[in-house]
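Right after this note come the structures.
Across the two complexes that follow, subunit A remains constant while its partner is subunit B and subsequently subunit C.
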Partner chain A sequence: MFHVTCMIAVRRLLAAIPTLLLLALVVFVVLRLLPVDPLATMLPPSATAADAAAMRQQLGLDQPIPVQFLIWLRDAASGSLGTSINFRQPVTGLIVAALPATIELALLGLILALFISIPGGVLAYVLHVRKRETAADVGVTVLQSVPAFLWGLLLIIVFGVLWPVLPFSGRIADDITLPGLTGFALVDLLIKGRFDAWLSALSHLLLPALALALGFAPLVIRVLRSSLIDAAREPYVEVARLRGVPESRILWRHMLKNAALPTITMIGVQFGFLFGSALLVEMIFGFPGIGNLMVQAVKGNDMPLIQGIALLFCVLMLAINAIVDVLYVLMNPRLRVS
Partner chain B sequence: MTERTDASAFPLLASTSCTPPDLKRRTLLGGLAATGLASLLPWQHALAQGTDRATLSIAYPTDVPTWDPEAVTIPNIQGIYQSVFDSPLRFSPDGRLQARQFKEWRWTDNTATRLEVTLRDDIVFHDGSRMTMEDVKFSLLERGRADKKLVIGAMLTTLADVEIKSPTRGVLVYSRPTPTAPIYLAFMAAYIVPKAYLTKVGADGFNAAPVGAGPYRMAEHQRGSRIVLEAFDKYWGGMAPIRQVILQIVPEPSARVALAESGRVGMALQLPVREMQRLAGKPTLKTKIAPVSEIYMLRLPSYVPALENEHVRAALHLAIDKAALSKAFYAGVAQPLSVLAPKGAPASAPDFNYPFDKARAISELQAAGYSTAKPLSLTLLSTNGAFPSDYDMARAIAQMWKGIGINATIEETTPAKLVEAAQNGKLAGPLLYSWANSTADPEIFAGRILDPRLRFSTWKDMALGPRIDSLIAEPDETKRLDGYKALNIEASEKSWAIPLLQAVTTVAYASALQPQLFNSGYLIPAEYKYL
Partner chain C sequence: MTNVTADMSNPPPTSALPAIASRGHGGPSTLQRLAQQPRVVIGGGIVLAILLVAIFAPWLAPHDPLGQDLLHMLAPPMWMEGGSADFPLGTDSLGRCVLSRVLFGARVALLVALCSALGAMIVGSTLAIVAGYFGGKIDRLICYIVDLWMSFPPVVLSLILLVGLGTGVDKVILAVVLVDWTRFCRVVRADVLVTRQRDYVNAARLMGFSHLRTMLREVLPAVLPLMITLFSIEMGVATIVEATLSFIGLSVPPEMTTWGQMLADGRGDIRTALWCMLVPVFAIILTVLGCNLLGDGLRVALDPRLRSRGE
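Up next, the complex of A and B:
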């Protein structure tokens, strides 16, 4: 099984290379064709056209687009994504510094979403069986209609202002400094054995992660419910019932396992969008991740940084798809054979 | 196989007895509730913010992109730069030019080309080294020449040399008369950085660990999240009363309001005007809506055919009820303007008033051949969120114009897009714009706004170039200001640009805090203290 899994992973990675090149080209060209000036916010009002030309030359923006792309591609192959125009720092360094925060946030968001959606999906299924699904439908539709950033604002009002039990700004309390070992606050603080600080970091993650989770969970609930309805029609369920297996065991042990396959596919696809939602959620919660960095890059028309982050999203999506494929094979023996 | 309904497939689930799924659901719901409550309880201790009187947390909308203060000209972060680097000169809270690191400055000639400056002899950088004229020369002259990516070169274009007479005395030599040179030493990018340290660690090293000579040193910067400033005990002006300032970077205005309202920060800036009245009702908070040295205006591209017509421009101008805009969007605090300068600024022409006169606007438009029956169509460009209520104001202006026979289609744009369009002469119509100028000097208001040679000028009357040049080089201050006053009045009368309102800033702070607000709008926490 390990061999098969590795084969799939390698095949996926190889297939990702042309995709990545194509995406890089598209993003690069589109950014250069936009009618925006990357120097707009950099130069003072007194700057003349000559000042702008001098800066443009220093930044390499005076070269033809194909030349700029080839230079960028050559540098990217050696791990350099250029220098951010606004931050005056290597793009790779900025991304590496911000990425752990977003991954941490997205993963906790995913965990919370699963905590909400697995019981929620089962409950929706049970209500369906009992012909009381209208209530579940209304609840899920309401949840689905509210985007993650709006959840963020609502959570801030409820848990930050009206019932102020959770922090809603930044990554950790003001009086604590993150150690900065791996960039993952929860991991670093555990390594350092600073449990109070670890709790602080976790509490700062909760509201933004919950905002992401509440935006994400309704989709999973719907898919899981549908998958359970499909699974209920399978012969093995009837067989299990005839053998006297308790209904709860049939549901949690057998049906749920089979219903998990389409749900995992959906989670895999949507996990990429979870990163997209993180963009606004991070801004609302002043959370220093990739989303926040992207907002600053877009505001400043920082093309090398936008390009780098866009490429990162492509890589993440491809990686997530590869992981989902592998998981799918691991959970479905029939695919292993084929 | 017989097809069955889902309910019939699960007879046990359909019964009313205590079924396993029923139990599961309860267990599940109970578990969720317990988990939720349990997860909330332990965190309360983690909420403690720095509430002692030595610390101040501030919810701030803008992060610092680089710690090289000579690299960018972003008005919002100049207060942070001044806190870390100080500045050679500074504008006082009410807008007067004051000594800071330069304790004296004077022209040694009559043509404003040689500015003698005396540096304080007690300025120490955060690394313990002493500031000298070598640092001044390196910062104001040499860095801009060596690296064209730094904006300091574009800010001090006429600075030709810095003659060092002693470690604390020197002469700034300008290539042509530059009577306004001192104001640029209190403006953006003109900060003194330590030559030895920067040369040793390089630009990247400096960006990572900046060393200034300001009242605070940068102790920590989590990009996009927070900046921690700690008071510098060897600051020449004495240690700041508030020992630690934590700037929480919160771009979302609603979140800044929530932080102020919940008492998690001692101060929150740039809040929506509509929230200020509500926050003012909180006993623990004080609020202020204060005018700053920034103006909102309509910039008119001279190359748009309809705007070449003086009657059309007059109609556009006369039809705008500026007082109504102020009342609707800025709580009536934003002063309506008749010229391209805030009230009380030099060359602001207090006796001149450009009226709101709808009847005259209609007759001016008729003189240009348009009316409500034969309306003029225009594109009105506006940003959305670049400054408070910008897009709302554009919509209100479009409505005012509609009343006289001008159909304006609002096109949303971004600062970067409009600079690109302005550079290429492709602005489609009037542009709603905000112009910040912490110095309030007319050279940086009308002088820059109307200079046809600048890369994003919109009114391209080339005859204005020599006129502005002569004002820039005019060493007689009275003549210079009179010249700009005349330019301001003419620009308004002929509507080369349409001044609208003086900008305002909003701030909410803890009742115990006593902040000193600056006319520049800059955040200067070294001037704050607790009561």
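Up next, the complex of A and C:
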């Protein structure tokens, strides 16, 4: 069992390598279309043409693009993604420092989204059964029309300004420093036993995570609802009904388990979408994660940093797909034999 | 898979236009079906109203959207204390009329929505029809490109593209087309695969129609309802992308007014002047809601296969 799942994971990751290379190439070429000369921000105003040429050579910018790509690839393989132009620090270090915050935010967002969408999906299904599907459809459509970053602004207005109960800026109160063991604030503070700081970190996470969850939940509700409708047509439902199993038990115990499979696949496919929304939500909440880093990089035309983050997103997406495949096998007994 | 099984249970269509050409076959015509679908009427009404606002913004707006009135900075809307009918929705921190700005913002929003949805539809559906019709290596290649493209979260890809392309409305449209053609390609291709198996498509080939003619005359009309539905939904997506990009400050030069910019400007005054932010928030939500309702209603009204399913 464990062996099979490992095999699947390894096979998926190996198959992802060519994809990763191609994606890296696409990003590389797109960023080379940039009309702005990256040297302009790096050189002092007094620099001469000779200085510029020297720097160009030092950065490898005088080489043709295919050669530049190979150099970048060689460095990337050895773990170096270059030096950020604006921060003047290694890109790898910047990413490693910011990544845990984003993962923490996205995971909490996912958990909150499940808390919203599982009851929501079941409710939508029940409304469908009772011929009230228009109400459910319109409700989901309205929710779907509000993207995560607008939810963020609305949540700030409601819980930050009109009824100021939650903080909406930064990752933790200003006077608390994070211990920095794993980089995950909630984990680190728990290990250190600093509970009031832990609460502060959680309260800072709550609004951005909720914004992500509200943006994501309608998608899950839709898939769960239609999976439940499909599940209702299966013979086992009728069998259970004939055996006298109560309707609510059929729904929650039998159908929901089967409807979970397509839903998990969808969540896996869309989890990258969640990361994408996290990018904007982080910016709105001043949350020091990858998203804020990306926006700063984009505004500053910081090519090495943009490239590094883009690569990171590709790796994340491919890793998530592999994890979903494994989960799928674990949850679907029919696939385990082969 | 479900599509195929659903098809086998239905009688084969007698016309090359299964959804559109139901006129003359008994049943209500397409137009009647659309008019009976409240979501189409409401969603279409909202989109049409915003379109009219966008077109007639210069006549509707009481002030110049960029005109600063430094004597009336952060004036509240007219129904609040201290508000005046001069500025019905109040003013922002530079004394610009919020109503005029939101009306003019509809222009950029709808321009981007219409052009980029059209572009994405043309690029995506063309590739989808080619892939689904010819199958084999061409299909595999196009599908691989779609998968590759979809490995990026859309926000990340559009940010990277805008860095490469530079800013401006045309660049935003191009970026949305380049990001979102995959949505069309993936969904339309599945539909083309089903259509290609139909007898009337084979009949067309047997009659000696060229590939191009078969694709345009037989396959395209069959997938057109799906394309129209996706187009409507894509308009909503493009509106969000434009608002997002201009909120970050990447979309358009400052002398153009956009809803995203209004959000970014209003954010600084969130504690004192809530209306600066609430007005564009509701404008965006209303537009997207209109597009989504229209798309949802169109799907239910135009696609007979989906009518019984709860998707």
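Observations on the model:
The definition used in the following text is that the second predicted complex is superposed on the first by the 315 of 338 C-alpha atoms of A that agree within 3 Å, B and C clash if a C-alpha of one lies under 4 Å from a C-alpha of the other, contacts with A are read in each partner's own complex, and residues count from 1 in each chain.
The rule is short, and it goes like this: a contact is a pair of C-beta atoms (placed from the backbone, for glycine too) under 8 Å apart; a residue touches a chain by one contact, two chains touch by 3 or more.
The shown structure was predicted, so the numbers you read here are calculated from the model rather than taken from an experiment.
If you put the two complexes together on subunit A, you find that subunit B and subunit C bump into each other.
Within the superposed three-chain model, A:Val295 lies in touch with subunit B and with subunit C [touch as defined at top].
In the superposition on chain A, A:Ile157 makes contact with both subunit B and subunit C. Contacts of A:Leu22 after superposition on the shared chain: subunit C is touched, whereas subunit B is not.
In the superposition on chain A, contact is made by A:Met283 with both subunit B and subunit C. Of the two partner chains placed around the shared chain by superposition, subunit C is the only one that A:Glu133 touches, whereas subunit B remains out of contact. More residues of subunit A lie in contact with B than with the other chain of the pair subunit B and subunit C. When the two complexes are overlaid on their common chain A, residue A:Leu14 makes contact with neither subunit B nor subunit C. Judged by the touch definition given at the top, the superposed model places A:Val146 against subunit C, while subunit B stays out of reach. Touch criterion not met for A:Ala77: it reaches neither subunit B nor subunit C. In the overlay built on the shared chain, the residue A:Glu247 is in contact with subunit B alone; subunit C does not reach it. Annotation: subunit A residues 35, 128, 153, 156-157, 160-161, 229, 283, 295, 301 touch subunit B in one complex and subunit C in the other. Only residues 1, 6-7, 9-10, 12-14, 19-21, 23-25, 28-29, 32, 35, 39-40, 42-50, 55, 57, 59, 63, 65-66, 68, 71-74, 147-149, 151, 153-155, 157, 188-189, 203-204, 207, 220, 222-226, 228, 246, 248-252, 254-255, 258-259, 261-262, 264, 414-421, 423, 435, 444, 448, 453-455 of subunit B touch subunit A when the two sit together in their complex. Here subunit C touches subunit A in the complex through residues 2, 38-39, 147-148, 151-156, 159-166, 236, 240, 244, 247-250, 263, 267, 270-271, 274, 277-278, 281, 284-285, 288-289, 292-293, 296, 309-311, going by the rule given at the top. The part of subunit A that touches subunit C in the complex is made up of residues 19, 22-23, 26-27, 30-35, 128, 133-134, 137-138, 141-142, 144-147, 149-150, 153-154, 156-157, 160-162, 222, 225-226, 229-230, 272-273, 275-277, 279-280, 283, 294-295, 298-299, 301, 306, 309-310, 313-314, 317-318. Residues 35-49, 51-52, 54-55, 57-59, 86-89, 94, 97-98, 115, 119, 122-123, 126, 128-131, 153, 156-157, 159-161, 164-171, 173-175, 177-178, 196, 199-200, 202-204, 206, 229, 232-233, 235, 237-238, 246-249, 251-252, 282-289, 292-293, 295-296, 300-301 of subunit A are the ones that touch subunit B when the two sit in their complex.
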